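In what follows, chain A forms one complex with chain B and a second complex with chain C.
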Partner chain A sequence: MNTGIQKRKTIDTTLKVLLVLFVFTVPLWVTSPTTLQILIFLFLYAYLTTTWNLVGGFAGVLPLGHSAYVGIGAYTSTVLFISYGVSPWIGMWAGGLIAAIVGIIIGIPTLKLRGAYFALSTMAFGEGVRVLVENTMQLGPFNINGPRGICVPLIPGNNIAAFQFLSKVPYYYIILVMLCVVLFITWYISRIRPGYYLAAGGEEPEAAQSLGVNVAKYKVWAMGLSCFLTALGGTFLAQLALYFYPKQILGLDFSFELAFIALIGGRGTIAGPVVGALILRPVSELTRIYLSAVLPGLHLVIFGLVLILVMLYQPKGLVGPLEKLYNWFLNKVSGTEKEVRT
Partner chain B sequence: MDIIIQALINGLLTGSYYGLAALGLTIVFGVIKVINFAHGSLLMVGMFAAYWMVRLTGWHPYAALIVVVPLLFLFGYALQGILIKPILEGQRDVREPTEVIIVTTGVWYILDNLALMIFGAEYRVVQTSISGQIFMLGDYIFPKAQLYGLITTAVTAGLVLWFLKYTRTGMSIRAASLDRDAASLMGINQYRVYNIAFGIGAMIAGIVGCVLIPFYYVFPTVGVIFDVKCFIIVVLGGLGSIPGALAGGVIVGLIESTFSQYMTSTWTELIVYVVFLAVLFIRPAGLFGEKRDW
Partner chain C sequence: MPLLDIRKINCFYGDVQVIYDVSMYVEHGEIISLIGGNGAGKSTILRCISGLMRASSGEILFENAAIQNSRPEKIVERGIIHVPEGRRLFSLMTVKENLMVGANNSRAYPQRNETIKDVYKLLPRLQERENQQAITLSGGEQQMVAIGRGMMARPKILMLDEPSLGLAPVLINEIFQTVRKIAEQGTTVLLVEQDVQNSLGLSDRGYVLENGKIAQEGTGRELLDNPSIREAYLGI
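What follows is the complex of A and B.
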């Protein structure tokens, strides 16, 4: 084998290993809880966007109501914890299951329709859930406290069973592992048969159908899986913030932000959501911190401009050009530029 | 009984301007097959324009139409020509490019937040010559501003239908909405037709803005309320269908007004969502949607 290509491979692997090591050792040398909190939120958004991407990216539709499933996860585990003392670790699976069932029920009629119907229906469904929760104080035996939201009861000290920790470090590792797991799931799905069907149905539904692929069925399953995983993220969010209310956790803005992160990063790619979160989260946090005091709303104007520019000039998302840049860098360093070209 | 009839009247009046707002959205979808997420923001722009006209000149709110209609038409025309056309050109083979949703959402964020920066977040209301006036028919009350809204809806819908049916440009719009490739082959400038359709959609949003000014608050995010309502209405009625938009608007208006006799108005909002989901299960293409559009 050519030495240049070998060298390129070594550098590539080394960089990737270093990145993984870096990410997993961050809490060892970052002690500021604020920085950790920002990173935790970054990973949480990357996680939620990756789960969104299962249906929004691979199935080629545009769900705009995923905050509903985040909310279902958060509310289910918290309500079970308050009412029966069920550990959120168990409650999160219940929330995931409910979210998956709801997602499948919503998906069955809407996923057969054209994309526009799906986008609008999911959005209306998300808003409907928010209105329902805001107007309900008592849901059966459970107190969900309407528009005021719920607090997760505090348990003193570090309590693994109650999913509550004094330091940010455990949260950091939990969300990091969760993110790795969903990334693995997306990677795995993208290389098995149902994943191919899904991608085919997302790109060319008519062509896939005429080849005998039951497009709607695979989309519905993707929707169920996506909603399930999204709800798990909802439980994490509830345990991290310990307080949440409908306008925040079930809001339209939240649903839209997830979609935007995926679209700007690169929908339908595995790395896209993570790249999107890495780029957009700091942009939105920083512009909000530094610009909202000067002119409220300016940060969202900038956000809107970024959206438009990315869609006009990189409609497939930013992951493509970044990958090119990385390859260019690898070639430059290992001197394989000419060989790869020929 | 009287209460019910009065509630039905109110529902019809409210539903008419809902329907008009949805009409703008459905025309854009019918022709270009994209959803304009900035529709509510265009409505907000129309409201602010009408608000300042009335505030500064003291004219009748409908006089603001002289400014709002051409302004919004040109704005919509330019929006489609500058921002959406490049995407449509790049994705000729895609039937419904989702990128357009994102671009129009970007426009939504920009417009809403520019309004927030310029006008502030407070709710504004302006006293016009028809605000609070009523018209009695027997024992039933018709608020004048809303009654004018109903008439405006009828006139606008009639004009739009006439325009689409009998003018040359209208015919080319319909041709392009049926089959854009065939229309192009017949010598129709596809993108000019799209610009006009988008302009009409924006113009209708502006008209709704003028209709709303005598009796509705105006604030930077007022469009979001109408966005969500319009989306429900167009899906209820069938995306792209003009009678569907009007009927859907009236249905939503009637649900809100009749159910609010029995429950708090926030719950009626929920009923609207329930009806919406029920229709979606029973008749997914909407009440007036065509099956080929599924």
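What follows is the complex of A and C.
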């Protein structure tokens, strides 16, 4: 009996190590920049959805305006780079800080709202920011160029300090590490006291409150942290594309896509956003490549269909059944079906 | 001086008044029942006491301090715990994690490991299930977790909102036994119930709430013997 469990553990660990090795060695044998770009975007969306999940999953509300914080990150670091030559590596922290402050200020009144009201208020905020930016050419001393967006000034060659690289490989590793870090942060939060109180308040706010949990406080902190990390992703996006404009980076469909990914993968779980991104990003990329000329925005329609199916058959997201499948597989190959039920 | 003294509170949901000049008190170590039909306002009174909603007028005194304007976490800190109707467990957490969330207030947290032993002694089934996800438990077990979670906060007064709701008769008995044990161990209990027979049978005193007003009050025995209550709530 023990040998079976031992074997199961070995296989489990081996598979996980192999997966990590695989992910970290991809650029060694994948040379196509297009493929790398698709993977980079996959990780970026997994990253942004993981940070979204701190509020949208654990705090139990549905934010639909997170693109605003992506935008704050992108605009802050880029504007600082253009105006003062501040390295985006430093600018991204400034963007994160501003996003966190804005998120907390927005969160204090809105996180008291329930269900759809919170979702609508965040949506209104996101749209408000977009319209504001589209109609602003000059923000104080900074030129943000309204609806036409900003180009990050090109620095020739690979320049680490300027966060600009000719090859996709550095971007691949940067976003991969960022993703690992936020996954670790999420995992860590889910295991410490405030994380429990946050999840408790997210699922059953009244019960948590009547037990003395200051639900609002934990939700606001989660919002601040989420917005901070989201903005870091915004800087990454700006440095990757080197050009962005309000409709793209502050748009509603960007915010929606994050929510879609989380809902389909599994809200409030650690692996959910990654699973969701793995499923939805290819759909998004393929429809954009092959069908965007015919039907722009088709990927959102397909997302909607996938979401309806998932909500009907797996309302908690696809992470649960996949985990079951994985456990079944482990038990099968190590012959422990009868002893281990997880 | 009563432990909990409610003086002429009035409550509104929007423009609709649901509680009219309700006064009641709870002494140390008592079991008090608050009974009444659906929509009489029983849960509203508990929500006012625990700070989940505000009374528009009136006073709520706990250990002689006015608490009607305090935030829920401050009220918990003082030792008033409200176990809301319908169990409301944190479904993805294990039984033990649910219990531990109960011990979040600064008074209870340092003693959580001793408290959980007492809770397991009171509700042995929870220890057997301690690592199971709350969502996988039966209705009766879930109610036990809800009560245990309240006890983890080390209440001076435990307010239970319809703990017998939706349970089989055998389990209802078990729940009332548990309530009796909690009281015997020195925790004051304020019990909101529709199971009039059982709750009045257990209680030192009771209040009957009708349309947001206290219609009757007396000892458990008096109320059980009262013909109008027998007719309205027991159908005899």
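Keep in mind that, in the parts below, the second predicted complex is superposed on the first by the 328 of 342 C-alpha atoms of A that agree within 3 Å, B and C clash if a C-alpha of one lies under 4 Å from a C-alpha of the other, contacts with A are read in each partner's own complex, and residues count from 1 in each chain.
One rule holds for everything that comes next: a residue touches a chain if its C-beta (ideal position, glycine included) is under 8 Å from a C-beta of that chain, and two chains touch if they have at least 3 such contacts.
All figures in this text were calculated on a predicted structure; none of them were measured in a lab.
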{"item": "Chain A residues touched by each partner, larger count belonging to chain B or chain C", "value": "B"}
{"item": "First, second, both or neither for A:24, with chain B first and chain C second", "value": "neither"}
{"item": "First (chain B), second (chain C), both or neither touched by A:211", "value": "second"}
{"item": "Which of chain B and chain C A:311 touches, first, second, both or neither", "value": "first"}
{"item": "First, second, both or neither for A:127, with chain B first and chain C second", "value": "first"}
{"item": "Which of chain B and chain C A:89 touches, first, second, both or neither", "value": "neither"}
{"item": "Partner chain(s) touched by A:268 [first = chain B, second = chain C, both, neither]", "value": "second"}
{"item": "Partner chain in contact with A:300 - chain B first, chain C second, else both or neither", "value": "first"}
{"item": "Contacts of A:199 with chain B and chain C, given as first, second, both or neither", "value": "second"}
{"item": "Chain B and chain C contact sites that coincide on chain A, given as residue numbers", "value": "none"}
{"item": "Residue ranges of chain A in contact with chain C within the complex", "value": "193, 196-197, 199-200, 203-204, 206-214, 268"}
{"item": "Contact footprint of chain A on chain B as seen in their complex", "value": "29, 33-35, 83, 86-87, 90-91, 95-96, 98-99, 101-103, 105-110, 112-114, 116-117, 121, 220, 224, 228, 231-232, 234-235, 239, 264, 266-267, 269-270, 273-274, 276-277, 280-281, 284-285, 293-294"}
{"item": "Touching residues (chain side chain C, partner chain A) in the complex", "value": "50, 52, 71-73, 75-77, 81-84, 88-93, 97, 100-102, 104-105, 146, 149-150, 153"}
{"item": "Complex contact set, residues of chain A against chain B", "value": "62, 106, 109-110, 112-117, 119-121, 123-125, 127-128, 131-132, 134-135, 252, 256, 259-260, 263, 295-298, 300-301, 303-308, 311-312, 315"}
